[in-house]
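Each of the two complexes below includes chain A, the first together with chain B, the second together with chain C.
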Partner chain A sequence: MNKLENKYYTKWLVLPAFLLFLVFFIIPNLASFVMGFTDWSLFYFDEPRWNGLDNFKRLFSEKNFWICVKNTFYFSVVTVLGKNILGFLMALLVQGEGRYKHFLRAAFFLPITISSLVVAIIFVSIYNPTNGLLNNLLSAVGLGKLGVDWLHTKGVALNAVCVMELWQQVGYTMCICLAGMESVPAEYYEASKIDGAGYWQRVFKVTIPLMVQSLTVSVMLSIISGIKVFAQIYGTTNGGPADSTQVLSTFLYKSFGNGYLGYSSAVGLFMTLLISVLTFTVVIIMRKKEVEM
Partner chain B sequence: MKKKLAMILAGVMTLSLLTGCGEKAETGAEDLEVTENAAEESVESEETPLADGGKLSVMMSSGDYGAGMITQALETVAEGMGITLEFEVIPDDQMLTVTNTKLATGNGGDIILHNFGLTDISEKDLASLDGEWVGKITDTTYPLCVGSDGSVLKAPLGGESNMGFIYNKKVLEEAGVSLPIRNYEEFIAACELIKGSGKTPVYISNQETWTAQILLLCSMTSVFDGNPELIHKLTTNQVKPAEIPELVKLFENAISLKDLGYINEDYMSATNDMAFDALANGECAFYAQLDSAYSSLNEFYPDKIGDLGMMYIPLWDNEEDGYVLFGTATNYLSIVGNSENLDLAKAFVNKMVSEDGLKVYYDLIPGSAPYKDLTVELNANAFNREMREYAKTWPSLREFNNALYDGEPALSNFYGAFSERIQGMFSGISVEDTLSEWYKAYYADAAALRMEGF
Partner chain C sequence: MKVIKKTVYYVTTVFLTLVFVTPLWMVFINSVKEKKDARFFALGLPSVWRWDNYETVIKAGNVLRAFFNGLIVSGGSVLIVLAFSSIAAFVISRSTSKWAKGAYYTFLCGLVIPVAFVPTYLILDTLKLFNTYMGLILVSATYGLPMSIFLYTGFVKTIPRELDEAAFLDGCPPLKMVFEIIFPLLKPITITLFIFNFVGCWNDIQVPLYFSNTAKWNLPLTVYNFYGTYGSSWNLVFADIVMTVLPLLVLHLVCQKYIIAGMTAGAVKG
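Now for the complex of A and B:
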């Protein structure tokens, strides 16, 4: 292999993947970026007209848009915290050697293998106000008065969807945390035991500081999935009641459904910016806390 | 302790997964087991098939596919021609987007069964249709089938729908309510009597986006009818809905049913199927629906169908504003312009809307056919017949967005996701905000359509 071949060898190997990335990601996103500044619609599919910042002006003046932003943030915060705290605790439960360790890990991870839409259908039946499992269960234990129409009561519906998301996704976070925990050398625990540290002291002083890298990944993925949430809302409340559970993705989907392609591109552009800013901010903060092993 | 907790958690997660699987669907496979009746035989015994062999794709919404009767009618006619149909079923709320996207990208297939206005979908991507049936389309439906260049782009198939209250005669009788009820005041008095008898006066199924709007579709056309100045102002953005007092009052009357406690408590999660159940079993008195509900009610509650009737929705204060709603055809067949099977598709559509095809369809789905001067008598349902009686003393109008004003469907672009607005109003949004949101929605449509004034 001559010097020139050697220089470009690795780049040729990357080329196929790069081409796919270019055709299916970079070009559509660039096109979407440009279209965000036009009035492109299904009504005038072949004749988009440049309309400057009109789409963004309309977007920021829409009451529903701000409801969506608020709901998206709420969903993200609740699920990011819930997934990571519960995932971490569950990882602690199934960590180490044990007779049923593999079964438990599989059971906790199982929900993630199901499509979000299927999970949504399951929970629509669980949350059914008249014959759903949850209200029947509450009635059976004498707490029938607590039963509500979980998916169609303002103030409750979004929380109900958050619970569903946690049920499905917490096993995934558990796996990431478990991988982080397993990578902590056993000597650190032995040393801390000799120094007289108790179980929770070992968790807070040894485990967590040494697995911040895993938590960073987990938090970052949770933020991205939280902001991009779609199927969970679409399959349960479809944004209702009265847009009270509408999130950015369903808002985008709806505007696309109405035929406003340029406007939808503007919404998509805003979402991309939002996810990028949030993710980078969190990564920068978490990186500072990482402990070199 | 740790082990026990882990086991409990694992058990709960596995059980939760299984719980959803045991529920019996409210509508499901049983819906698809449609009635098998004389319709199947009809076309097989007809004259020589127009085409022999071939395959056509039919795109339709899940709502139209749902009960299975429309597909059964289409397949029966297709079988008679030796054609195989392949159905592509699109979820209701995605039907318009998918149709437009497929048409725009040249992947529309052969035939579309839909109920879109020609301003909603791309006219230029549809094939023009012709046949003996064109001259027989009723005056009500014809203007909505014709494109801007005068060619017919939609072959009406489903019945011209009546919309109104389906009511339970026994519930009214037990509450001491007698018909006719002629205005809002009388209607409220009736609701009070029904509520007093322990029954729900009006059933609202607000989980379904489209049902609650029927209350207003059946009562607001008279605000615009015969008022060309208002139509002009509205269509040129000189007046907003919230600035029309008669409209505001009708919206207030509609929502007063909720405020006065005349609707079911579970109105937010109630579905159409639940409403049918409550209506047929005498748990409620009125439910706003289309006459096409007759087929489903007759199928699932055959022994109760005689207890049910249909009437207009008297939300108007002054009975002079009253009318009976006669809509346009509920569904249409269009052919995709670049279909690879254009001739076969045209032959099939022509056969489907011929008298033989219509006979097959209306034997399965009784209704008021959108055709005149037919030599065969088509099966109309009891709801249609009752509404026709009311129409002898009341004017008949269409829903506001399909109604003709000076011969033009001037408000066809002003629907503005109206159903979502009314769903929102029943979920707690004020009348003022509801009208404002409706304005914003149709404004966006009008702007996208580059209409003057928007």
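Now for the complex of A and C:
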């Protein structure tokens, strides 16, 4: 054992990956802890000074920042629920064998291939108030009155972006759910059928409890991507109208673009803490619900 | 009763298929229309097929340069990720020592903790790597490491240890052993990770946006830029989108099996 440990399982083989990770991930993350407490900016590049909690005081007193926090949460909650509920239902629809089901999987999965920024541009055209696909469809079925300028109306714009995100990403959660469903042994279904359980009873009493692990992963991934949301906003509304759809990532990019290195590090730090706390809480809660097979 | 159920099933699934496919059809069919027709975003066939829209976009939109930027950065970073993470995962999965476990959890943190863009920018600047292919490749490779090490580690566990012992008795040197004996056995997961990392990097916009200037941008960003300039010529914007999306769409349809396997491997093994 030891001879193998010395010859093959050496630190040297981990080193290249670790070095890369150290320089471009660990050090930057540690550095943001330091930078977040300085007034470093591109204008006084050579003389950063400690300013204690000033960045955070300034951040927490900015009205826009709280709009960003609220929007980020709203976007995350809506998309996490939507992606997982719809993804799960869609997985039920395409579960099993057969050409038609394989075709459906491929179709639902298509949008994931596309960069979020490109999807954003496509949806700018779909949400176009005068000729867009959505408003045309609404008038075609006699609901023309419901049509609005989806991306430029306060209170509507963020929901429109949520729907776009669902359109693109729901295929992903569907795939994860599908894999979870397929890992449930067939005997369990047979047994519950013999016991006279109906379809939905089987779904709730057999399928879901036995695939909690997959749901944990898909919920976790969607929380992370929800809080990190950037391209979807940047490409559609760019925070507008009147900053009403600004999220944390676009806020960070904006303050970075303005040259405030210390201040934008503080925003990044806040996001890191938020994501870590939320993900670990969710994982702990859902791990408790997992059933051993 | 059964007939009703069947009808409901087909109506629902056909409706859903339309929801996912119609926008893509709309993009394609309007990309070959006249400018004055494309702005209606209609789904019908064009009166005149304007394939030359594509030519116009290739000339005006820097499509070729952005294509090669994406190819260089995605290709380069994928090669680094696969080489580095396979050897690291081999040791992490086999070794019983504490540092191996520590390294594993350190890499896993990268799955959750977001990237610190601002300090990374300063590091690239200090290393004179800002706005260089090398800088973009190294940063993209770094962001691909956690997922790749995670999946490789799980896969290496399925390869019997006896192979290592046999190689040891034959006096095979470490790197030769990993690359010539273990790596070929990792082929399925390697294909998955290749696609996963390549597509991720190809579509990513934050790395080029933070760490380079327009000359090094990839296709999605140039499409956005193009849309900013030619926003009223939707036929051209759509043609640009088709060219950006098509390579990946084809890749996905051909390799769907591997992609789904990779995306869900982590989910089931946990």
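We take it that the second predicted complex is superposed on the first by the 284 of 293 C-alpha atoms of A that agree within 3 Å, B and C clash if a C-alpha of one lies under 4 Å from a C-alpha of the other, contacts with A are read in each partner's own complex, and residues count from 1 in each chain.
Convention: contacts are C-beta pairs under 8 Å (C-beta built on N, C-alpha and C of every residue); 3 or more make two chains touch, one makes a residue touch a chain.
Just so we're clear, the structure is a prediction, and the values are computed from it rather than from any experiment.
With both complexes superposed, C is the one of chain B and chain C in contact with more chain A residues. Of the two partner chains, both chain B and chain C are touched by A:S125. In the superposition on chain A, A:A107 makes contact with both chain B and chain C. Applying the stated contact rule after C-alpha superposition, one finds that A:W167 touches each of chain B and chain C. In the superposed model, A:D39 lies in contact with chain B only, and not with chain C.
Of the two partner chains, chain B is the only one touched by A:D149; chain C is not. Residue contacts after overlaying the shared chain place A:W66 against neither chain B nor chain C. When the two structures are aligned on the shared chain, A:N258 is found in touch with chain B, with no touch to chain C. After overlaying the two complexes on the shared chain, residue contacts for A:L93 are found with chain B and with chain C alike. Judged by the touch definition given at the top, the superposed model places A:A242 against chain B, while chain C stays out of reach. In the three-chain superposition model, chain A touches both chain B and chain C at residues 90, 93-94, 100, 104, 107-108, 110-111, 114, 121-123, 125-126, 128, 131, 133, 167, 171, 256.
Of all the residues in chain A, the ones that touch chain C in their complex are 1, 3-5, 7-14, 16-18, 20-21, 23-29, 31-32, 35, 90, 93-94, 100, 104-118, 120-126, 128, 131-133, 136, 167, 171-172, 175-176, 178-180, 183, 213-214, 216-218, 224, 227-228, 230-231, 234-235, 252-253, 256, 261, 264-265, 268, 271-272, 275-276, 279-280. Those residues of chain B that touch chain A in the complex are listed here as 2-3, 5-7, 9-11, 13-14, 16-17, 19-21, 23, 93-94, 96-97, 100-101, 104, 122, 206-207, 266, 268-269, 417, 423-424, 427-429, 440, 444-445, 447-450.
Taken together, the chain A residues at the contact with chain B in this complex read 39, 41-45, 58, 62, 90, 93-94, 98, 100, 103-104, 107-108, 110-111, 114, 121-123, 125-126, 128-131, 133, 149, 151-154, 167, 171, 238, 240-244, 256-260, 263. The residues of chain C lying in touch with chain A in their complex are 9, 12-13, 16-17, 19-24, 26-27, 39-41, 43, 80, 83-85, 87-88, 90-92, 94-97, 99-100, 103, 106-107, 110, 112-123, 138-139, 141-143, 145, 149, 164-165, 167-168, 174-175, 177-178, 199, 202-206, 209-210, 219-221, 223-224, 227, 234, 237-238, 241, 244-245, 248-249, 251-253, 256, 260, 263-264, 266-268, 270.
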